[in-house]
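First comes the structure, then the notes that go with it.
Per-chain numbering from 1; labels A, B, C and D assigned in written order.
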Amino acid sequence: SDSGDDAEQKDSMSVAFTAEPVNLDFTSTSGVAIPEALMENVYESLVRLDGDGEIQPALAKDWTLSDDRKTYTFQLQDGVKFSNGADLTSEDVKFSYERVQKDWKNALKSKMDIVKSIDTPDDSTVTIELKKPSNTWLFNLTSLVGAVFDTEGTKDLANEAIGTGPFEIEKFTRGQTIDFAARDDYWGEKPALKTVQFKYFKDAVSASNALKSGEIDLVSNLQAPELAGEFQSDDYQIVSGTTNGEVVLSMNNADGIFKDKKAREAVMYAIDRKAVLDTAWAGYGELIGSMVPPTDPYYEDLTGVWKHDPEKAKQLVADAGIKGEEFSFTVPNLPYAKAISEIVSAQLEEVGLKANIETQEFPAVWLDKTFTEHDFDMSVINHAEPRDILTVFSNDYYIGYDDSTTKKIAEKADTGTEEEYISGMKEIAKTITEDAASDFLFLFPNLVIAKSDIEGIPANRVSDAFKIADLSWN
Amino acid sequence: MIIGACLVLLILGLALVSFIWTPYDPSEIDPAARLQSGSLAHPFGTDRFGRDTLTWVMYGARITLLVGVVAVAIAQLIGTPIGIIAALFAKQPWGVWIDAVIMRANDILLAFPALLLAIIFAAVFSPGTGPAMIAVGIAAIPGFARVARSGTLQVLGSEYVRAARASNRRVPAIAAVHVLPNIAGMVIVQASVAFAISVLAEAGLSFLGLGTQAPVPSWGRMLQESQQFLSTHPELALWPGVFIALAVLGFNLLGDGLRDRFDPKMEAKRA
Amino acid sequence: MPENLLEVDGLTITPAGAETPVLHDVSLSLAPGERVGLIGESGSGKSLTAQSVMGLLPDELHARGHVQLQGHHGNLLDANEKTLAGLRSDIVSMVFQEPMSALNPLMRIGDQIAEVLRIHGKAPRAQIPARVGALLTDVRMPDPDSARFAYPHQMSGGQRQRVMLAIALANSPQLLICDEPTTALDVTVQRHMLDLIAERVAAVHAGLLFITHDLAVVAGVCDRVIVMYQGRIVETGTVTEIFTDPQHEYTRGLLASSDLEATDDNGRLFTLRTALSYAGPVASPGEADSKAAHAGAAGEAGATNQNDARRPAGEVTAPGNTAHGNGASGNVATDDDGGAASAKDSVPLIDVTDVTRVFKGRGLLGRRRADVTALGGVDFSVAAGERLGIVGESGSGKSTLLNILSGLDRPTTGHVRVGDIRVEAASSQALRTLRENLQIVFQDPFASLDPRMRVADIVAEPLIAAGVDKDERMSRVEEMIAAVDLDAHSLGRYPHQFSGGQRQRISIARALVTRPQILIADEPVSALDVSVRAQVLNLLTDLVDDYALTLLFVSHDLGVVKHLCSQLIVMKDGRIVESGATEDIYANPQQEYTRKLIAATPNLTDALASSG
Amino acid sequence: MLNYALSRAIQFALSLLVASVVVFALMSLLPGNAAQVALGTNATPEAVAALEAQYGLDRPPVIRYFDWVGGMLGGDFGTSYVTGAAITPVIIDSVQVTAILVIAAILLSILIAVPLGTFAALEQRSWIGVTISAASQIGIAIPNFLAAIILVIIFSLTLGWFPSQGWMAPVEGIGGFFLRLVLPVVSLALVQAAILTRYVRSAVLDVMREDYIRTARAKGLTRTKALFAHGLRNAAIPVITVAGVQLATLLVGAVIIEQIFVLPGIGSELVRAVANRDLVAVQGIVMVLVLLVLIINLIVDILVPVVDPRIRNAA
């Protein structure tokens, strides 16, 4: 929309995104686009994550955990209304979470599998009993599975989003824009902006042009980091924070050339991650060395485990008996993946590993061939979901990591105390890294470019949501 | 014509030389030398991985020519016989409907522009140079079929074919001895124009990400990737842009020149 | 001395970039009301001269000299387009050769005539429609009221040429230039046009510059003649002077070779080379006839046994025509050919019985058109060794008939027998045999040779088809090339490196290389210059004799047929309207159509007689 | 003429029918399916199968084909599995965008090319004529997306005259609508104009060689006037055909421009639908594109006889 004059600018904003939602229903459609737009803006959960990765109250003003660590009791906020006018009651929460188990198509629904029963002693109290203690469940509630729907509000989820959040959707133009309008009857603190438009740009250059010519105010997560250089002036601010996205150079542990750990180790030594980050993503992002982002409680710096050492790599290649045979490197046609594949394949070639790059359409073909059929030796993808280490490195996931050791540790950690959980998870991350299960290239940056007079830009993207209620004009 | 031929030879030369010698290896990455401007070491500069742009331009010529050759070959090898056969049938009282069916099928194919085919093909076979050039080639079939058909009809209606028939030549012999050599001119003209179009199509498709894929160097890809460096390193876009334009210009001019040469009017004048 | 209408002085035209001019120092003048003919062979510069006067020279040509037109001061060659535009059609206008393309295909006839009136503002707006009507009437346009709404493609060539004349005359110019205005037209239509031009020019008392290469036409239309040769004027004089006492060698040659009734001592037509002994056209038709008859007898000894050629053509019907009359005339004709008894009871070589050919409109997915009856019941037979002429206006079905005879096309109904082959039902094997024995020489020497084949390959093509092996092929090709008077170097060249006459020789060589019994010639000389025409006709005559061929000769030029053929078929609208011995039909045509055809054929002798 | 119209109509319908079979067959070749894409990285095979069943993807192809064709005949292109929304309005909206863009571009290119091409033909030998020819040759050689990028840099980013991207429906503001249209239309039109200029020039040159132009000059019209009175309409015939072909190729060809300028056109819609394996949408869009191309051909076929009485009568 037009940037208009200053007076108007005070309460409206236009924000650019890359991945566009095909519909508004994240219960049956996967991907980051829909929760990015809706979570915390339209839909709210009982709890939310703050920028440091800490769990904070949301629709639940308070909660308690039973001594056996299996039963949570939530106290709901008062005076919460859905955008259709209905009041939030404990029934809505029960309805929503049971619906996850019953009706959701999104595979993330499994995060609610652990719930045994939900009770509603009164309108503002919800009691949820888990089958076994879990450290991750409450955290999972901060994601989209925790979203609370009105009992009457799920008829046309694909086109109509009814939630308790500070904004409601005024207009959804598929593939182009979503217009948000601030709700007068929001229960919490009123957002500074009256209207916000999300505008979707497939092409990062178009988005950056739009920002330059003043047609938009903020580019969330710029997909062409080289462009950031053009905004180094007083008129703009460049915010580079973290995300939950680990860019993984994944290797097929179960089959083919990388079944051999020596081959995987060769890759770990062959890759100069700093060079990858600098050339492919203009140095934005963070080297991590493991599947855990720094914002997770069990983060540990493992960048030192595998140091760039081509000579060692060459030796390992020879040890593994690889004599220049090609392996398949399936690359989703996403900007970062394509850029990474070019430098990674060049680095691998230097140590005698010949990658046969096959670009695959994302999501359709990559999901089909690489992800579902496991027809690949190497791939590269940004695993963007929060705390997904256990999912990605489980036996039946596409990487085919042998999780016989880590699974046991994980079970213990999840049911144990907070401390046990953290130490367990650290152990898992370290095991996976040391197993050379895959190469963790870098943490995908949250690169935001905005006009310099915008405040409240979330530097770190640690949850699904892009919270617009925090944004304001200075 | 001469300018066109020179440009085409230049592109051809670049491609051929790239087989023997290029300043650098196209996949040679040098993070220290990334995004350099033109220098003695890198006359056209380097890209974001520190790869030599001149090397890439030379390799890109290969893809450009490959796409052109394959696409034109497909279109020509399918379209020309189709056109000739349709025309041969059109000349038989009982074959008119076969001609009609062939040409209608041709018209339907005409309704699927190259880009549409390429988008679908990229989805069916995964994006790449192969599907792209097949799509471009298929989309160019109707053009060849039309040219071949009208040329053949013209030749078949000529007195010399009547004379050949009166001398007992059979249809295949007439097609080979009289039709082919006489429509060759028009087909060659069409080929050079189709070549120019395929150069543009490859660039467009690669730009959309539906054409040549990493790590193969192609001008369209270079142009696409140079976009984010436009304001900082415009020469990254300049070189592929210039060479695409030169190639298209070359083939178009060559086509124009050939057209003049094969134009029956001109022929009559020269006679 | 009264001021001349047109004065051209030292006109020299040079193409851009060329050294030598294509027009050298041309000077001519034309008095008001005078009718001047400009003749000369193709490429001699006639059109360029006319275009200079109109200021319509192509840009790539540079003209020097002086062109002065009455009513305009100064040199027309220096005038700008605007000045010239003012003169064109007002003072000088022009009728072009090609009636098919000279009119805008997208504009109605009436509008195209009205335009010329409007441009010069001669007629008040309101009167323009009336003037258009009057002009169309003046040029004898049939149904002028509806003709004005027609588009050019809906009119015949003759009608279009009338429109052109109406346009040219609309503003009553003082000078009318006609650049070969009738060469694309049928003889009958040509006659009409010529009469009309003469009449209209006289009516508005305009000067006329008439360009043609047809001497007979000039003799009929003009008072004075200018002869051009290779870009120069070589001779001028009155019609009688030029035609009775030509001074220049070329004029004499032209005159000699266009006279199809005169032959040299060998009984051959005169050519430019043999023209020296030409005595000039003979004034008395009777004398000419006997001369021609004599020539025929001398040249075609042994080839006169064509009695059985004409069976009574009982079925021949033509609109408004009694069918049986033809048969009678045919029979009469046979009788005066003496010494033909030997062949009387032999079976004719070619037998055509009640042949029709209907072209269907396209079916199924194509567009529908009305059926065309190209042949509507044709009967005739040809004896071995006979020379049959087939004449008729354009579209009368001549080529269709030949196609059927040679098996290139099949008749819709009827029977065709050639030798012992039933052509309409022949197997492809039989057709091959037929075509080895029956060969065709086509009309257009440019179009009938594949431009991308060498002469050797062209001539060898029928032999390849006949399966003759390579060595024999070569020797027969060389032999044939020699027989048509081309030298052996020709074999390696391409058609475009030859002149029209030479190309027609190549095409004759190709036709005869398989030693056929029957030679069909489909208007083989109508595309050629008169001087070349004589050469080719002489060659044909010789070869027909040498190879003892049966000849079917198609033409719309009665003069040519009369020279070459002893028997004649006259066709109209797909039917035979008259047949018989050439002499008889000439002397005593039975049908109105034939009479018209004969009368319309320009004849130098008659023209001179009438003008003189 | 009536006969002609009828046979054209039958051909048109047959072509559409054949095209629909081709499109349907092509779609069934697409790897990856909508259910898979919708469920994403955490899908289980059972969930995928269930969703397939829900979408009706497990029915025999023949049934699905007739369902689809039947719906289209009633103007209903079906409901997208992926978006859950009806396809028809999506197609209508996006076709409008592309149609406006492409038609405006073709009109503009005609406006540029006809005078320029005519002038270049008239002044064939002068330096202006030669310059125009050379410029059009170079224009043809420049990909339209390159032109778009350059135009954006100059007129949007540097001069700030026009927005760099985006679409505004005319009802939302006519000024904004035109302002946003300028750059995409110009980038398409410039290259098209270059192509068209070349055709116009050669058509005019051909026409000027025609005998009837000589006749017109003999009537007393100057060369230029003769060209205007008689030549241009004749030259229009080949130009109409070429413009028709251009219009047809641009319908899809505009997709790159649509992407650069973030326009919600049919090309972008197609790319998006293919990426999401939204088969119903892909089929519908491709069919509509084919339909439009056929309609354009039909219009050209009808327009040419309107201009040319020869063809009118033959028909």
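Note that in this section a residue touches a chain if its C-beta (ideal position, glycine included) is under 8 Å from a C-beta of that chain, and two chains touch if they have at least 3 such contacts.
A quick map from chain label to UniProt name: B, D = ABC transporter permease; C = ABC transporter ATP-binding protein.
Keep in mind it's a predicted model, so treat the numbers as computed, not measured.
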The chain pair with the larger count of contacting C-beta pairs, comparing B-C against B-D, is B-D
Just curious, how far off is chain C from chain B if you go by their C-alpha centres, in Å?
-> 47
Would you mind pulling out the distance in Å between where the CA atoms of chain B average out and where those of chain D do?
-> 21
Quick one: chain A and chain B, Cα centre-to-centre, how many Å?
-> 44
Expressed in whole Å, how far the mean CA point of chain A lies from that of chain C is 89
Among the residues of chain A, which are close enough to touch at least two other chains?
-> 205, 361, 364-365
Would you mind listing the residues of chain D that make contact with two or more other chains?
-> 11, 30-31, 157, 259
Could you check chain C for residues that touch two or more other chains and list them?
-> 365
Go through the chains and record each pair that touches.
-> A-B, A-D, B-C, B-D, C-D
List of chain B residues in touch with chain A within their complex | 27-29, 31, 34, 48-50, 122-123, 126-128, 209, 213-215, 227-232
Which chain B residues qualify as touching chain D in the complex?
-> 104-105, 107-108, 110-116, 119-120, 122-124, 126, 196, 200, 203-204, 207-208, 223, 227, 230-231, 237, 241, 244-249, 252-253
In their shared complex, chain C is touched by residues of chain B numbered 93, 96-97, 100-101, 104, 158-160, 162-170, 173, 177-178, 181-182, 267-268, 270-271
Of all residues in chain D, those that touch chain A in their complex = 30-33, 36-44, 47, 51, 82-85, 90, 152, 156-157, 160, 163-167, 176, 259-262, 264, 268-269, 272, 275-278
Flag every residue of chain C that touches chain D in the complex, lowest number first.
-> 54, 56, 59, 81-82, 85-90, 93-94, 96, 98, 101-107, 115-116, 119-120, 151, 153-154, 164, 167-168, 171, 365, 367-368
